[in-house]
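Chain naming follows the written order as A, B, C, D, E, F, G and H, and within any one chain the residues start at number 1.
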Amino acid sequence: MMEKTSPRYEVCLAGSGGQGMILAGIILAEAAAIYDDLNAVQTQSYGPAARGGASRTEIIISTEVIHYPKIIKANLLLTMSQEACDKYFFDLRPDGQLVVDTEFVSRIPSSSAIALPITQIARKVTGKAITANIVALGVIGGASGIVSKKALIDAVTSRAPKDTVEINLKALEAGWNSVVTAEPSSAT
Amino acid sequence: MMEKTSPRYEVCLAGSGGQGMILAGIILAEAAAIYDDLNAVQTQSYGPAARGGASRTEIIISTEVIHYPKIIKANLLLTMSQEACDKYFFDLRPDGQLVVDTEFVSRIPSSSAIALPITQIARKVTGKAITANIVALGVIGGASGIVSKKALIDAVTSRAPKDTVEINLKALEAGWNSVVTAEPSSAT
Amino acid sequence: MGSREYHSAYEYLRPSKKFPHLWCPGCGIGIVMGAIIRAIDTLSLDKDRVAIVSGIGCTARMPVYMDFNTMHTTHGRALAFATGLALARPDMTVITVMGDGDALAIGGNHFIHAARRNMGITAVIVNNQIYGMTGGQVSPTTPAGKRASTAPFGNIDKPFPVADLAVAAGAAFFARSTGYHSHELERYVRIGIETPGFAVIEAISHCHTTYGRLNKLGGAVEMMRYIKSNSITQRAAEKLPPEETSDKFVRGIFHHDTDRPDYYTLYRDILEEAGGLDLADQRINGIVSA
Amino acid sequence: MGSREYHSAYEYLRPSKKFPHLWCPGCGIGIVMGAIIRAIDTLSLDKDRVAIVSGIGCTARMPVYMDFNTMHTTHGRALAFATGLALARPDMTVITVMGDGDALAIGGNHFIHAARRNMGITAVIVNNQIYGMTGGQVSPTTPAGKRASTAPFGNIDKPFPVADLAVAAGAAFFARSTGYHSHELERYVRIGIETPGFAVIEAISHCHTTYGRLNKLGGAVEMMRYIKSNSITQRAAEKLPPEETSDKFVRGIFHHDTDRPDYYTLYRDILEEAGGLDLADQRINGIVSA
Amino acid sequence: MSTSQLVQGNEASAAGAIMAGCRFFGGYPITPSTDIAEYMARKLPEVGGVFIQMEDEIASIASIIGASVGGVKAMTATSGPGFSLMQENIGYAAMVEVPCVIVNVMRLGPSTGRPTSPSQGDVMQARWGSHGDHPIIALTPSNVEECFTLTVRAFNLSERYRTPVIVLIDEIVGHMREKIHYPDPSEVKVIDRLSPTEPPEWYKPYGSTPSNVPPLAPFGTGYRYHMTGLHHDEAGFPTGRVDEIAPWSNRVFRKIKDNVEHIVQYDTDGIEDARTVIVAYGSVARASSEALRIARTRRRKVGLLRLKTLWPFPTRVVADACRDARRVIVPEMNLGQIAIEVERIVGDRKVRRVNRIDGEMITPQQILNAMEN
Amino acid sequence: MSTSQLVQGNEASAAGAIMAGCRFFGGYPITPSTDIAEYMARKLPEVGGVFIQMEDEIASIASIIGASVGGVKAMTATSGPGFSLMQENIGYAAMVEVPCVIVNVMRLGPSTGRPTSPSQGDVMQARWGSHGDHPIIALTPSNVEECFTLTVRAFNLSERYRTPVIVLIDEIVGHMREKIHYPDPSEVKVIDRLSPTEPPEWYKPYGSTPSNVPPLAPFGTGYRYHMTGLHHDEAGFPTGRVDEIAPWSNRVFRKIKDNVEHIVQYDTDGIEDARTVIVAYGSVARASSEALRIARTRRRKVGLLRLKTLWPFPTRVVADACRDARRVIVPEMNLGQIAIEVERIVGDRKVRRVNRIDGEMITPQQILNAMEN
Amino acid sequence: MTKDQQEDSHNKAPERTRLPKGRVIVYGKWCKECGICVAFCPRDVLGTASDGSIVVVKPEECTACRWCELHCPDFAIVVKKLDTESD
Amino acid sequence: MTKDQQEDSHNKAPERTRLPKGRVIVYGKWCKECGICVAFCPRDVLGTASDGSIVVVKPEECTACRWCELHCPDFAIVVKKLDTESD
């Protein structure tokens, strides 16, 4: 994949602790780095331990060597909480793509946002709200084209506990389809 | 006192732990500094805690400000053990005065040494070998003229436990007399 | 705390911008905090004269939320800081709140020495049998065989019998209860504060986020049930053979010595002998009334 | 150690330039050292496989003189170093020698944790009830009321009941004797070494140079008499009311649990489960035979 | 283990330790280093090693020194507060010359600070944290691959020079995930300490040797010697003699100093004709590389000296790299620690410090700004 | 107390503490500092103060911080090994800005070293021993009189700037006896921390004030606030906000930096026209004075800058004193610690280090030799 | 789910008439929806709405025993006694 | 000085004839003249010379009980059994 003008693509996933944002970031990086053989760096910031509070992960994907491992201005920002959306929207570049879960984000600061009920989709498709992060991954993949679907499938398969692979792949598929069918990839 | 050509007079007292050399050094410094109103600095080196081993104290007495607090070349060296005598003799200046307790020091490296059975004198005069350090103090005072006898008496009186003042003064007197009568002060 | 519109603990909390607190949904630490607050309230202590001192950990975050003189110190050292404070200010009520790791792993030495000296401190240990804050490592109270992130094959360390240790070291008071039995817990904390000298209250609590997850014990509700059904009163325990109680949370007052004077009381004798007692009392009054 | 021309301990000493040792004339530490050496001799242990680990203090100087694998570490930490050594080298016999301050003041935490884990270490505590090395400061075993350079008005701290503390923390073996009763002491040390897991032997000793002087208890001979006449066997003590034994040195074996496996034995189960047991045994053999 | 994987820096460090032969880990959990302990708890038993969670950090470092004395390579991992607690025994390890590796995943201090925020605040502490003069080696990786390789190297240096080695990983690098390819164990160069070959009667654990690194016999192998944190003679026994103390100090400082060229690693990017040289390390070196890239698009002559060894300080390397530069920029996530050394070498007038101690990473833009004014 | 007495340095320091208002001492014995604890054990009860021997040095420093939070001036005393153990909590005191005084009577390290031998080996540790960036004040006396006056000053600075203050006494000075004259308590200037005057609701223990030193309310006086080693906001509550962390760092560094002129004390001897300037401190400054005396008899133009404040480093003072010198000699009983700072300021080419780490004092002759070649 | 409250005699409120003895207020901003109050209320007064929030489902059953208030880890529940006796 | 040895039954050697059962050697270089052996020898075999050194004053009384050897803190005393039985 990676057919951008700049070799560097910056993704930021943000939500509350417990939503699995960091795991989603790891899977995205793994899909890009291992299965699509690109370069990828994933970093994270989080509050004390496992407890609530904001949680955020940044993934840089590039065809070239990645120096700076953090976002300078994100190409894509996914937010799963209003707080995260308010706080991090300014890290998105003007032409960047915002994705929000409408279950948590009602005030959407951009008119070109992809606004989907991600967690609801998860609940509907897998019966488990905690698969929302994988749905989100599908949405990101589908919307950005930054990683191949196959790479995402492989990455999810390898990271998810054996007995949950199936539902997670369902979640991924649902996310992917929600944007690929719902609207064309906003990545230019 | 202090009628020397150089304003600085360096004394070193050395023996084994438990012989009270450090206390003797403190009293000498106190006699000089407090009762004779000179300047004095007392330092010490010793092994771990109260156990045997070498113990050594240095006293610098001067009419002027004392910068360097340690001996450069001693004017007077008193040794109460052979080991100390062997080890520290080279710290004595060529014209310096060596004083030894013949009970412990048999190989005397100088022909002009004041060699006295200091501990024996103590035993004889006070019945207690541990007053040897005070006898030694008397010897030093008498031999060097660096502090006044009165200052020594005052210093001993103030430092010694109440009930031992008397025997300590006896020891001091005995030491002082042993040199002042036995031979003229070797201090030039 | 009669009938009112606001929460019974409200006047002891720092609601302005500190709540909701940082603990996980359902974490037992908040329940213990409520019990401590009610114990203080029951005793009608002056808030200005109460200090809460903690180390580091989830439990150790408690002081943030409590409207007293509060001090969040370094990991394991709460009792050492509290010792200085208690001796400098014998007029104050000093309470430490510590996790099991804070109190008994890195802080074990201060624990036994505070007990030995019978320091005038009430020490509440929130024992969730794990390191919550750092994500579920084994603690000196993790039961044998249980899993932790640093005991992936099951714990082979023997947990401390906290009561025995505290009493052997010299604590004047030791009691154990659980977050589920919050009334009882409150009462033990109250008695602890009333006891001169070193009083230890071990509050069994649950950390479903780490311990519960790693040991498949469910969420907060399931763990509270688990603790409840595995707890037993000391009286009941005495009637059972030791094997049957060894993996139970035995509740009760294990030791209560009101005769032994606390450290500062003994220190006053020294002050008196040295002639400094009046000066000491004046000094303390001076600080308070300045 | 049959009849011979040389001293019974000679082959275990490092006579070349280390003697006479640095302890004060008459200091009891040398007597305890002799008892340890005889216990090792009786067990016919291979000198090459015995390690003596100490912290800092007069007692902690013992390893200098003993011809084993010897390690003089930092103050209070002997057991933590020994834990690493004992786990790295379960083939060795690891003995720690510590003063009362070393073991129970600064080292208190490592003490209770080594006990809790039942670490395969024999810990000999030379309890002279004072800090000898630094010149007579109060220790956690100084009796109440006794003087020390930092307790010039008499000690107000309660001394640790060392046996209770060790047993509560989890030690497999605890015994107490004195330098005067060197036969008995030797026997306790021997049993301690034979016991798997953590064995504590408290050797009451005298420091006439500091404790004796400050408390007017006379010199080495007088203090040995003092200890002798104030000591009592556990059996005799049991027959007396507690008040009469509280200031006595009660001698005997207070606890002996040979069933509880030591830490490395339990760790072998983990190695087995993880599949690394053979590798571990090979590694150890590799070091020894290299 | 030999395909590419997406690995966290901390995990790579732990994996490197095992590959280097580490078979003992004694530690105490602390954010952001805990992943290392957790990895070791899982993996060491598989390779026949021992993992133990000790009661605190003082015991942790003591336990690894004890294990190393028993002949087993050993490591601990911690962060600022724990690193402070380890200082006394780090000095002990230096004094008794026992190899061991201490990983410090640096978080924002001082004190408890901000446990999940990055920092490079413990760089000077690594050098000066323990009392008394003693040499130390400290390495610092900039990426996940180096977390692995520099931890292997830490063990090798530690064994080769009989010294504690500190690996300083900033939180960014420790928690960052990147693709790496673990080498086959057979490809990894592993150095073991020298064991004595002479018979026990002749063995001197602190003897003078041409390399200044005398062999170290593991306990329990027939060499019964003494080890002490007191100043000691060549046989290891306490001494108060100046003529025995001074040679010890000389030797241990020389064993590092004489081998600075071997110990020091760094890389450079375009420093030959640079008017401005950036001296950086850890994650900040990556911000520097990015700044360099941007500056070059603006035709600026800038170069980068990236340090992988912080202690012993690469004095000559810095002097050479900065000789012709008109400006030396030292960006650090602290208030200027390595900058002090750089200033000492190149003079404080040339140096521009770029610092940040608020828990955020230094950005390429900040470094670019420092080039401008 | 007001006639001349022959007093030991350690004792003078302890007497100074009491005169400055110290009423709490928590300590743990260690040679060569123990005299201070012993003095306090005897004297504090006479003045209504509390002496307690804690279980270790970590507890000692914790106890004095706790006492100080209670409104009582507090001190501890230790030496190298104990000083290493105190580092974590020294950082805590700096973070929470609680006044306290730590005396370190320096002995020969590293590790247990040589407990009765002198050294200046902990100078850099005093600055960098605790993790993370934090400011610190360290004073160092050269004689018994200064043991007294600088300990008084340590309390005053500590109270005035709400910071831990370290007094570094080398063993020579600590155990030396000289004649001193204790002033009448009424002659001694004692500074107490500011207490808040505003009502509790408005009180901000970490608020920004013109002096950068907000008032500190003792616990138990109606101001119920929170104190934490985490980064905190002005009210003392934990924060993760960059816009609250950065101001804290700025303020605490500024409170020291802006007052360097006030904090720094030194004296000089003939530096005006000196070609060679000696920069020295502690007992080594006395060897330097003697060297100076001798050199002058040989008509050499030498001067001495004697530092009484080591941290914050008197950068300007050193720069001024050495500006016209051709050579700067820095004699230290360590391997060159303050020398690093001096080199940073005057360039390493001018500087001659004179070092000794064998437990013996530096002699005037060694310093004279450094003038020659 | 077994009814804990029924096993737990000392938490059992005495049988009363239908008139509520307490008014229960859940403070949504602090409540983290942990479910403790719901699970352990001896009278099943509380329940969980579809959005996860805690609601009073059987107000008339409340005995004002305050179990919920004392065990809510988030201080998010207040029980006001409704009986006529003055306090 | 009370005779400690007489109060101390388990140290008491059985009564024998005048023939010494042990030969006691004090190693002067290590002996610190603490007096422990002198004070506690159950047979008063040892004594202190005027210069403080330890001397065997009643060799014939020695029972070779080895109390002195086992309690000398300085490892400065050796007792050689003189009985004829081989070992």
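Keep in mind that, in the parts below, a residue touches a chain if its C-beta (ideal position, glycine included) is under 8 Å from a C-beta of that chain, and two chains touch if they have at least 3 such contacts.
Nothing here was measured: the structure is a model prediction, and the numbers come from that model.
Both chain F and chain H are touched by D.
If you tally contacting C-beta pairs for each pair of chains, E-F comes out on top.
Spacing of chain A relative to chain B, judged by their CA centroids, is 85 angstrom. Our note on geometry: chain D versus chain F, Cα centroid distance of 39 Å, whole angstroms. Chain A and chain H, compared by their mean Cα positions, are separated by 87 Å. Centre to centre, using the average C-alpha position, chain E and chain H are separated by 59 Å. Among the residues of chain E, those in touch with two or more other chains are 31, 45, 55-56, 58, 81, 88, 92, 111-112, 117, 228-230, 240. Those residues of chain A in touch with two or more other chains are numbered 47-49, 52. Counting partners per residue, chain H has 32 as the residues that reach two or more other chains. Interface residues of chain D facing chain C in the complex, by the touch rule stated above, are 105-106, 108-109, 112-113, 116-118, 140, 153-154, 156-161, 164-165, 167-170, 260, 263, 266-267, 269-270, 273-274. For chain C in complex with chain F, the touching residues are 14, 17-18, 47-49, 51, 53, 56, 63-64, 67-74, 77, 80-89, 91-92, 109-110, 113, 267, 270-271, 273-283, 287-288, 290. Residues of chain C that touch chain G in their complex: 2-10, 13, 19-21, 23-31, 34-35, 38, 179-180, 182-183, 219-221, 224-225, 228.
Against chain E, the residues of chain C that register as touching in their complex are 56, 72, 74-76, 105-106, 108, 131, 133-135, 137-138, 140, 149-153. On the chain F side of its complex with chain E, the touching residues are 58, 79-81, 83-85, 87-88, 91-92, 94-96, 106, 108-114, 117, 119, 121-122, 124-125, 127-134, 228-231, 240, 242, 245-246, 249, 253, 334-335, 337, 340-341, 343-345, 347-348, 357-360.
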